[in-house]
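Some notes on the structure that comes next.
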Amino acid sequence: MIITLKKEAQQEKIDQLIHRFENMGLQVTVIYGENYNVFGLVGDTSKVDEKNVMANPIVANVQRVDEPYKLVNRKFHPEDTIIDVNGIQIGGKKIVMIAGPCSVEGEEQITRIANEVKNCGADMLRGGAYKPRTSPYAFQGLGTEGINDLCIAREQTGLPIVSELMAVEHLDEFVQNVDIIQIGARNMQNFDLLKAVGRTKKPVLLKRGLANTINEWIMAAEYIMSEGNPNVIFCERGIRTFETMTRNTLDLAVIPIIKERTHLPIIIDPSHAAGDWKLIESLSLAAIAAGADGLIIEVHDNPECAWSDGDQSLKPEKYASLVQKGRKIAEVIGREL
Amino acid sequence: MIITLKKEAQQEKIDQLIHRFENMGLQVTVIYGENYNVFGLVGDTSKVDEKNVMANPIVANVQRVDEPYKLVNRKFHPEDTIIDVNGIQIGGKKIVMIAGPCSVEGEEQITRIANEVKNCGADMLRGGAYKPRTSPYAFQGLGTEGINDLCIAREQTGLPIVSELMAVEHLDEFVQNVDIIQIGARNMQNFDLLKAVGRTKKPVLLKRGLANTINEWIMAAEYIMSEGNPNVIFCERGIRTFETMTRNTLDLAVIPIIKERTHLPIIIDPSHAAGDWKLIESLSLAAIAAGADGLIIEVHDNPECAWSDGDQSLKPEKYASLVQKGRKIAEVIGREL
Amino acid sequence: MIITLKKEAQQEKIDQLIHRFENMGLQVTVIYGENYNVFGLVGDTSKVDEKNVMANPIVANVQRVDEPYKLVNRKFHPEDTIIDVNGIQIGGKKIVMIAGPCSVEGEEQITRIANEVKNCGADMLRGGAYKPRTSPYAFQGLGTEGINDLCIAREQTGLPIVSELMAVEHLDEFVQNVDIIQIGARNMQNFDLLKAVGRTKKPVLLKRGLANTINEWIMAAEYIMSEGNPNVIFCERGIRTFETMTRNTLDLAVIPIIKERTHLPIIIDPSHAAGDWKLIESLSLAAIAAGADGLIIEVHDNPECAWSDGDQSLKPEKYASLVQKGRKIAEVIGREL
Amino acid sequence: MIITLKKEAQQEKIDQLIHRFENMGLQVTVIYGENYNVFGLVGDTSKVDEKNVMANPIVANVQRVDEPYKLVNRKFHPEDTIIDVNGIQIGGKKIVMIAGPCSVEGEEQITRIANEVKNCGADMLRGGAYKPRTSPYAFQGLGTEGINDLCIAREQTGLPIVSELMAVEHLDEFVQNVDIIQIGARNMQNFDLLKAVGRTKKPVLLKRGLANTINEWIMAAEYIMSEGNPNVIFCERGIRTFETMTRNTLDLAVIPIIKERTHLPIIIDPSHAAGDWKLIESLSLAAIAAGADGLIIEVHDNPECAWSDGDQSLKPEKYASLVQKGRKIAEVIGREL
């Protein structure tokens, strides 16, 4: 950590600050400059709070040099983490395809769509049973009934199931029934929920928050790992920007960034990013070319009658075509799909 | 709701769509134009999901004309709502001043600061016992001990207390002990938490999310009211933008907007918006001039040793000066402080 | 155009407004609803200013249904526009590769790098002679000398040259010397400059502004075409968001959007978007997979000694590798490179 | 400037870098740490380009400690700059009120409105003769005729005039005729235009770009001053964010920030920020309370017939009321209006 002091800082105050850091077990080196003096702190600075240092009137600036995360950090875990979900590996050579409707609407619907996406080449099934909706008057999901429907669809197709957990009180239900627990964008910094899934061993699909930086997202993964669960999968789904022609702006640069800084897999959700099915194929092929470990895509066989997010759902035949094209791109970059 | 159809829409598909809306009890009027046809839906459209209408291939555009919120809507509740908190009224003539440290650090600290802010003119005491922190390694708050310390400070000063609730499991503790439950920015769309506080009658301070639109914020208030709790107070604390010289960008236009669209009070938190104590006075006076119903400000008597957010905390003497200046501005705009 | 009136609008005022639109040659249809009345305007509404309509106290909302652009609109020009630059076609089957240093630093440097990028597979040479720099104390480009150096490099390699025009006063120099005139992101709404290049027939590479919507970008192209120049090439280079780990956020969804709405080609600049050479390959392959018509990439053989933007420049060997991989992806999606 | 080196940096490469900085006349101090080494550069670092330093493979991070601006920097010019415009002082005790229509529509219109705003208490007249419009088909301003109309209005009322310059070719016309040259938001980084107005002595009203950081804005002022013109006035007019209920988000924190970092005056434009006349009064009073040196507000006596921006224009009677209220707030904070 590098701390820049104001030019006018008195030596007495500087000495107090040096003393304070040394008491925390840190070694302090000082550069005396013409317009400013600088402290370099050496040692474990992960518990030094930058904002409190900034509150000291003699401090002009604070810069953290070491990353504030440890368990997810590739520096201390150089090889890729591969997460096994019922025999399907996420983070390995194979790009994992997850597909399904936004909402589970009933046993018949989810089973039918599960079969369709399986025939198209999907590896796993997605479906929301508890739905985060902007309006209290909108459909809130089938709840437990929806989870049960997903289990039936898994039984019939063999596809592992992914569903979003919104509250700690449903954790047991999810641990017992789903194969991957999704933490939604709105809950990326719901720290109690992160800690709760961190105390299980279930794979967690951690969506990036609408307005969260990559650093905050990595720290959310660190929350989960710090409670003992190493099975974290990042999922980019677009960030909120000034542009209104798409629902969100998909940030594909996160793929090489997450892979450089962490050892965890990352998958892409083009459906929520675009909010428009016509954009899904382009963004999906782009994500594969950029190195994503998987794609999670909304597919519905009757989008105009879907109970939610119809406008961003692909029809099965379009999904099948996307899988075919994605497979060719995967091959030329040395992967499988 | 106004629905624009594509030029090439077939009459048969148009008739199906008309039929579908009529089955929902809506009246449909059609404008046949040169380049497009338009439906106007008349009736209760609050359950029509725009995104599903958009999914229909013959639809080009959907525009909601009626607001999607009812209970918080000033149209149906023209007079201002005034919320009584232990005899202090929020939303009335008096501008309510809430102050205190970011975190409760112990009984002695919170009681000392409570006395100081009371002497400076504060009406209520704030203090975090459960803290949302980006890093799992940062101080997470004193928890129940912090809530108890706040209660002792209230006993000694008479100041009602405001504290942030992060998880449903602590709801009872908050209902029994605090006077206003704060929902933090990161939990503004934690819908299970909104519903939970909606089932109580406790006043709720609803912070705007970092990247949430005004409409989403109003809908979050609607969630709370739809469960039966009418005591919702909006709190603007800055939104995330590209600017990095401040922690967030304080959006004061929300004051007249919230007052035009809803009947609920709105207070401003300049501390989290600015992230720098030097900016607090300017932003506080601006908020009063713009019509805010209150201010919530971080005050600490030893910011550089605070356990969190030291750089954005005012010292008591600076807070006292701010209150004096704010009072004069309140008077010239016909209010009190 | 759809205009929603306030419920309380008096019939007299409504009639005045109808009259006013009819005087503009528009046909007005009215829907009388329970909570609002709606006007549908039929005819050429491109000269109706939404903001002035909004200023009418009886108007609640205005929505434009027809696009405000004509010449760039695919509706009126369904086939793709292909732009010929010295025999190289932009917008056709071949994906065009443009490469070169951020700044021209001298004849020897630009000629050497031109040869290198040609050997790697580049089709055109880029290089800045007039540089938009945040600081007046930073290197501002070699100016006319730089343009001359580019011409020498073209002579030696046969590569057409692309360079940024910053001021109308240099227009003649650019028309005479460069093959594609670049309009930089900061000048995307410098309307006098747009009109000036619109009065030539030179191909124009129109970069998207840092904070400009897709609609504004399309309207900037419309400015150029409306002056008579049909040779416009869109270039996405990232938008400004809250994320700081990349210089900008590359928005690849613009590729299918621009292709759906306009008939013009679109190329991608991953270098300025990422601001970090380590991210260029991933983003470049993603852009090709998403359907881009070309890539413009900064390449420098000694980035740490470059006079500008060294951190985002690829070394030639890395560029060569990127071209190889890009070629394979181009092939599997039915294009060439 | 503080440069952090990667842990694995070889001593030979470190020595080369030290040598390179010493050759630039800088003094280099090194801190050798456990996980990283740090260079502190002492001397005039304003010509060191951070991005090129970053391009060096042994560098992990670069942080500028000294501000990159000199002439506008309050450190080297501690007292406030007061700019005299025909006897009216901007930056002094008096808060300067500038008002008028978005566009000049003719001699009669601008003279009539000039008289009205003068009667309401305005000190100066604004009016656009050259208009930056998103659409090439929208009204582009009266040009020279509009400038002449403004001069007639000045003659009749004595109000100095402010108008936007969009192109260098009109500079002489502006120098001869207007009292303050406005540089619009879209041209804030049109560096040729900045340099051109910098070569005059005319006061320049420098609007903040839609998506420009405070640092970039200060650097734009530095461009003007570095050419010899010391008469720069900052003007905040809102930044582009995700929020769509206002046209832009007004950032009032810039007032104390600009005043701390520079010695130049700053005025606020609430009209373009809000885009809705109903919000103007609240934001204007807020700006005064926050310490603004002036306000520039759109006023039109017949907004619904204005040729541009009608929806954000105040009627004269509302402006008069705003001036009255603003005057009282100015008084309680020790200023005049």
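General remarks:
Residue numbering begins at 1 within each chain, and the chains themselves are lettered A, B, C and D in the order written.
Definition applied: contacts are C-beta pairs under 8 Å (C-beta built on N, C-alpha and C of every residue); 3 or more make two chains touch, one makes a residue touch a chain.
Keep in mind the model is a prediction, meaning the values are calculated, not measured.
Within the list A-D, C-D or B-D, A-B finds its counterpart interface, over half of the contact pairs alike by residue number, in C-D. By count of C-beta pairs in contact, A-C exceeds the other of the chain pairs B-C and A-C. Separation between the centroids of subunit C and subunit D, computed from CA atoms only, is 26 Å.
Work out the mean CA point of subunit A and of subunit C, and you get 31 Å between them. Averaging Cα coordinates per chain places subunit B and subunit C 39 Å apart. Shared interface positions of subunit B, defined as residues touching 2 or more other chains, are 211, 240-242, 244.
The touch graph of the protein chains shown is complete. The residues of subunit D lying in touch with subunit B in their complex are 211, 213-215, 239, 241-246, 249-253, 255-257, 260, 273-274, 278-279, 281-283, 285-291, 325, 328-329, 331-333. Remark: subunit A residues 46-47, 49, 51-52, 54-57, 68, 132-139, 166-169, 186-187, 189-192, 195, 209-211, 215-216, 219, 222-223, 226-227, 240, 275, 277, 303-313 touch subunit B in the complex. Residues 2, 4, 29, 31, 33-36, 38, 40, 42-43, 60-61, 63, 65-66, 211, 240-242, 244 of subunit B are the ones touching subunit C in the complex.
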